[in-house]
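Here come two complexes built around subunit A, the first alongside subunit B, the second alongside subunit C.
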Partner chain A sequence: MPRIRFRPWFLFLPLIILLGPTSIIPFVYAIYISLYRYVVTSPMPVIFVGINNYVKLFYDGMFINALWRGLVFAISCVLVESAIGFGLALLLWGMSSRLGSFLRVMLCIPLAAPPIVIGTMWKLMFNPDVGPVPFVLRQLGVDFNIGTSEVDAFLATLFMDAWHWTPLVTFILLAGLLAIPKEMLEVAEVSGASTSQRLRYVILPLITQQFLIASLIRFMDALRIFDEVWMLTGGGPGISTQYLCIYIYRLVLTQWDLGYGSALSIVALYIIVGFSMILYRLVRGGRW
Partner chain B sequence: MKVKDVLRYVMVAIVTLVVLFPIYWMVITSLKPYVEIYSIPPVFFPLNIENNYYRPFVKDVYFKYLLNSVIIALGNVALVIPSALLAAYGFSRFKVRRSEDIYFWALTCRMAPPAAFIVPLYIIYTRTGLFDTHLGLMLLYCLFNLPLATWTLKGAIDAIPKDLDDAALVDGCGTLSTLRRVIIPLLGPSLAATAILVFVFAFNEYLFASVLTATNARTITSGLSAFITVVGIEWGEMAAVGTVCLIPTIIAAVLVQKYIVAGLTLGAVKG
Partner chain C sequence: MHKKLVLTLAIILILLTPTISLIAQPKQVTIKEWLAEVSKPYRGITITWITESTPPSLFIRDVLAPEFEKITGIKVKVEATSWDEMYRKSIADMEAKTGIYDLVYVEQDIIAFYAAKGYLTDIRTFPKKLWYPNYDIWDIFSLKYYVVNDKILAVPFETFIKVYAYRKDLFNDPKERATFKAKYGWDLRPPRTWEEYKQIAEFFYRPKQGLYGHVAQAATHPCLFYEVVAETIFPTFGVHYWGITLKRRASVEEGGSLNSPAAVAALTMYIDLLKYAPPGVRTYTWDEVGAAWCAGIVTQGLIYGDQLAKAIDPKVSKVAGKIDVALPPVEPKYYKGGYIGYMDMGGFGIPISARHKEAAWLFIQWVTCKENAARMMEALGTSCIRRSLLFSPLADEIDKKYGFHYFEVMRKGVEFHLFEGAPPIPEHMIIVDMGYKILAKAIAGKVTPKQCLDELAHAIDAKFKELGYTN
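Up next, the complex of A and B:
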């Protein structure tokens, strides 16, 4: 069949026009600001300081704290959500269709809820004055106070994140499970493999890719978490749940240190871009 | 019934309880009088109903905030869907040089931390007059919604046989009229589902809205944190506003559940 050859560039124009200014202009502008000492509330003039703001990062204990806590939080999220998510995916996999679709609907609810409302909900649940969770735990003899205990605040953010995002991990892994050819499982069963052997040697190797995609998406999203944690703990007690984006927010909107805040933003952005590169390769299924 | 089946029902019951209880708790908090919110032990089944919705929505400005949220989200849908449709068609049907780069760029936009953009955006918006306008947020939400919509729609267009395009081409249709006469009618439900998803994610956004609006274009989600005041937290009213934010998004989620996962993973996983 004869084909008309042309380059349909115009199809991409609206995308480029809308996405370009909202992503590239702020990025370039942030690099520009990050080279200046620019504190809105300070009477000192705005001066060019070169890469000083970037050097400052290495000596900033608060930044190291935010990065470290953020990493611990993100890795914990990935581990917890992969474990529960895999369990739920296996549960859904072998389920009758009516019960299964009910469970799917249940799992979709957290995914669509506004993150800030999720923060509000868990603030109501965990608050030491009004929440049912501290009350029930106190009856069991456990003192749970997210306002004073660093560990409790961390656990609360972790639990909230697991509530919000475990369904996504479940659905990604379920897509992998559903793609496994039935014959492979039958062969394994006929050859006398036990359930745990089938899980270990047949199922897990076949859904490695889905595990990687789910873990990476969750890792990146947990690293840039803001809304829910901001609502639930505000970064406290102290700076114990002050993850990366919360630190940027505090730096910029309470201390008005725009130059240094921008430098931090650029570094955060590069960390994320690095990970999205890995994700991109995985999704495309390409080789390195 | 076998033991395995019983276990299954137990697990589903646990998941349902864990998912629904916080929502239930917020809804009943929005209906409790002040005294019962603070009572120990907590009231799990409130009998005295108080209307915490009245003050924020009728006497205060939250109804306006809700309208703002809806206007901004609808405006964003109107910007995103046509552009995403064109781009998705392009990605699906034509071999375009650099399309891989555009994909990577879009992926980065979706994954970038919003907090990283607030400094430059705050300065740009206050200087260009976009600060505290509906249009400002409509444009900005393309940042995460456009990649999402493009890849959900690309998946849907990929599923339409290419022969149909070729037939239309032979009959004399150009690229745009093929899209209009062949592809769009066949997309039907996935187009609607994508629009709903875009609406939900625009409606849900908090950080940009709270930094880039003041009073005129303030959205309901960014107004939520105003209940945390120096003298304490207005739990009942906060729960009331939270409930109003939550209900439409949950309804939308149940309607389009098949597409949520495809949207959230930029098409890496088919729903």
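Up next, the complex of A and C:
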């Protein structure tokens, strides 16, 4: 008969004590609530509906729209931020120490700002009446209005997110670049490799892991974005920038539909975890 | 001799009678004196009030609350925040019965929901000794909206109307008048119909001069539903009470009128008018409407009284003294009677879970007593809660001071029931949240007004059925 080893479980105890009240209990409670029709703003009684709230998700056009738009937004963010972040990282890599240090400090500024402040700031920047961005674009003959155009609103949220989070990607990639042994680059140079060949065959393969880590972090973050977009567009025009968390927020804290909102939150959690696992697997080179 | 004595005594008695009667009469206690006495058991405690950051709320926070603290020794903590934040916090507090707030801001349109949930204390349950003897609660004309099943669930401290406002300096300009008449064939004046409104909007649409003929709260925000369906547009097209029946049905097929031809015409007109508004109008909530007025870029529009208060304030407005108001226009083809505008009310409610209910009630009386209601009315210029003040010379004086006819319009509204609150639908917040998202699609041009209202009406029907209203 195998002997039960208590010691490893005992070592888990502090973590369980810590996570129990803050994560596990609320999570279990959310699952419990998701099985009920519980709408705070309705005088109708709370009733057990089983998995109805989960079934409803498949027919909820708003949810499918929010998920789809959220995915498009998250993928766009990862692509744009990776590209710009890599460019900036290369720039900083080859820069003199004093100027490089100054630019690194400058890049830290967006990272230090709270998302709600970023949202407010860009709301003013993109304001169709008084914002400098629409004004400048108008002078160039481009009508940019986040109140009327879905595309403009989407681009505005993407631009804002890129402004906020590209520095993070830059720093992750810069760390990877700084870790490349100089000898390898020298060997490539002596062997007659051009700049683009060095980039393609030496640098990029050596920082793939950093790319994937940055993408993983940014993808998860972008998929659950809320505050900046809420501040900038409120999910509009129409429902064009109503990403997943904005939809959940409206359900839970505006309509106070706790049952359906909980079901949605749990499904959203697993969607985010699922996509992240795929990326994680890529980071680990196909291993779990 | 005896006769003389009797006569003298009689004369003395007659002369003294007024003095005796004065002494015998109970002394008229002022509210300050009464509060100082009755608040003794509550001295030192703190009451917390969460409210929307409206001009009356800020006046109470900055002026009346400190005075109350001095008189009673009861500290008042005022949390003035945004409309949606206020709701989130108050509902969370009352639902969980945490007792954080002793007073919550209660908008009239939410009262049916709060009543159904049993969140609020019935004011009538306070003992007589806690009622200021001269406090006439029924003089507060909008109180009736807060009485549910014979319970007084909140006491209004602010009442505004949403009125049609226009730039009287432009309307009275002889050059403008002549040009307008030549173009449209009628004298420039506040419009009576939406067609006239549109002509004025078109006439004053001058984007190169930074002037626009119209303004609206067309953002993807609950304000959109309020403006289009609940308060401003639909009623003037004869679609009342949100187009929803008492049996909770919205679509024409089920007996409602939310997707009726009148409603479709109203939404079509609303969207059509947006072309005369500033370019950012689709990002405007009520706050931006107020700001646009203050910036002097708007010629006409419908505006809440609290936002109008900002527009007439020379400290923040470029057009103070240049604004007048009138009744909203209607659509004669569809409008056949009933209310045409919205009466916006905010009141004090005491949650069942409040820790200091009595102290909170004393504070309510202090703020809403006639003396302070008059002070608030004078200071803010657009809010009035008491009938005796609305129909007093004070209202005329304020109108004269700001050069408009706001209280005159409000009086008409109260007398002829031209402005109404929201219907008693407890699911108010669900409907509003569903509603504005669907309306926003039409505003963004993704669907036609007819498609939009069909979708909205059927979504509301389905929601009510899902909530258990199956009959």
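Brief remarks on what is shown
By definition in this document, the second predicted complex is superposed on the first by the 255 of 288 C-alpha atoms of A that agree within 3 Å, B and C clash if a C-alpha of one lies under 4 Å from a C-alpha of the other, contacts with A are read in each partner's own complex, and residues count from 1 in each chain.
The definition used in the following text is that a contact is a pair of C-beta atoms (placed from the backbone, for glycine too) under 8 Å apart; a residue touches a chain by one contact, two chains touch by 3 or more.
Here the structure is a predicted model, which means the values were calculated and not measured.
Of the two partner chains placed around the shared chain by superposition, neither subunit B nor subunit C is touched by A:192.
By the touch criterion stated above, A:129 is placed in contact with subunit B and with subunit C alike. Of the two partner chains placed around the shared chain by superposition, subunit C is the only one that A:146 touches, whereas subunit B remains out of contact. When both complexes are overlaid on chain A, the residue A:181 reaches neither subunit B nor subunit C. Touched residues of subunit A were counted for both subunit B and subunit C, and B has more of them.
In the superposed model, A:99 makes contact with subunit B only, not with subunit C. Applying the stated contact rule after C-alpha superposition, one finds that A:240 touches subunit C and leaves subunit B untouched. Within the superposed three-chain model, A:121 lies in touch with subunit B and out of touch with subunit C [touch as defined at top]. In the superposed pair of complexes, A:253 makes contact with subunit B and with subunit C alike.
Counting contacts as defined above, subunit A residues 127, 129-130, 253 meet subunit B in one complex and subunit C in the other.
Across the complex, subunit A meets subunit B through its residues 1, 3-4, 7-19, 21-23, 25-27, 29-30, 33, 88, 91, 95, 99, 102-117, 120-125, 127, 129-132, 135, 163, 168, 171-172, 175, 210, 213, 217, 220-221, 223-224, 226-227, 230-231, 244-246, 248-249, 252-253, 258, 261-262, 265-266, 268-269, 272-273, 275-277, 279-280, 282-284.
Put simply, subunit A touches subunit C in their complex at residues 37, 39-45, 62, 127-130, 134, 145-148, 150, 233-240, 242, 250, 253-257.
Subunit B meets subunit A in the complex at residues 8-9, 11-12, 15-16, 18-20, 22-23, 25-26, 29, 37-38, 40-42, 44, 79-80, 82-84, 86-87, 89-90, 94, 96, 100, 102-109, 111-124, 139-140, 142-143, 146-147, 150, 166, 169-170, 175, 200, 203-204, 206-207, 211, 221-222, 224-225, 233, 235, 238-239, 242, 245-246, 249-250, 252-254, 257, 260-261, 264-266, 268-271. On the subunit C side of its complex with subunit A, the touching residues are 84, 88, 91, 95, 113, 116-117, 218-222, 278-283, 292, 426-430, 433-434, 437, 440-441, 443-446, 466-469.
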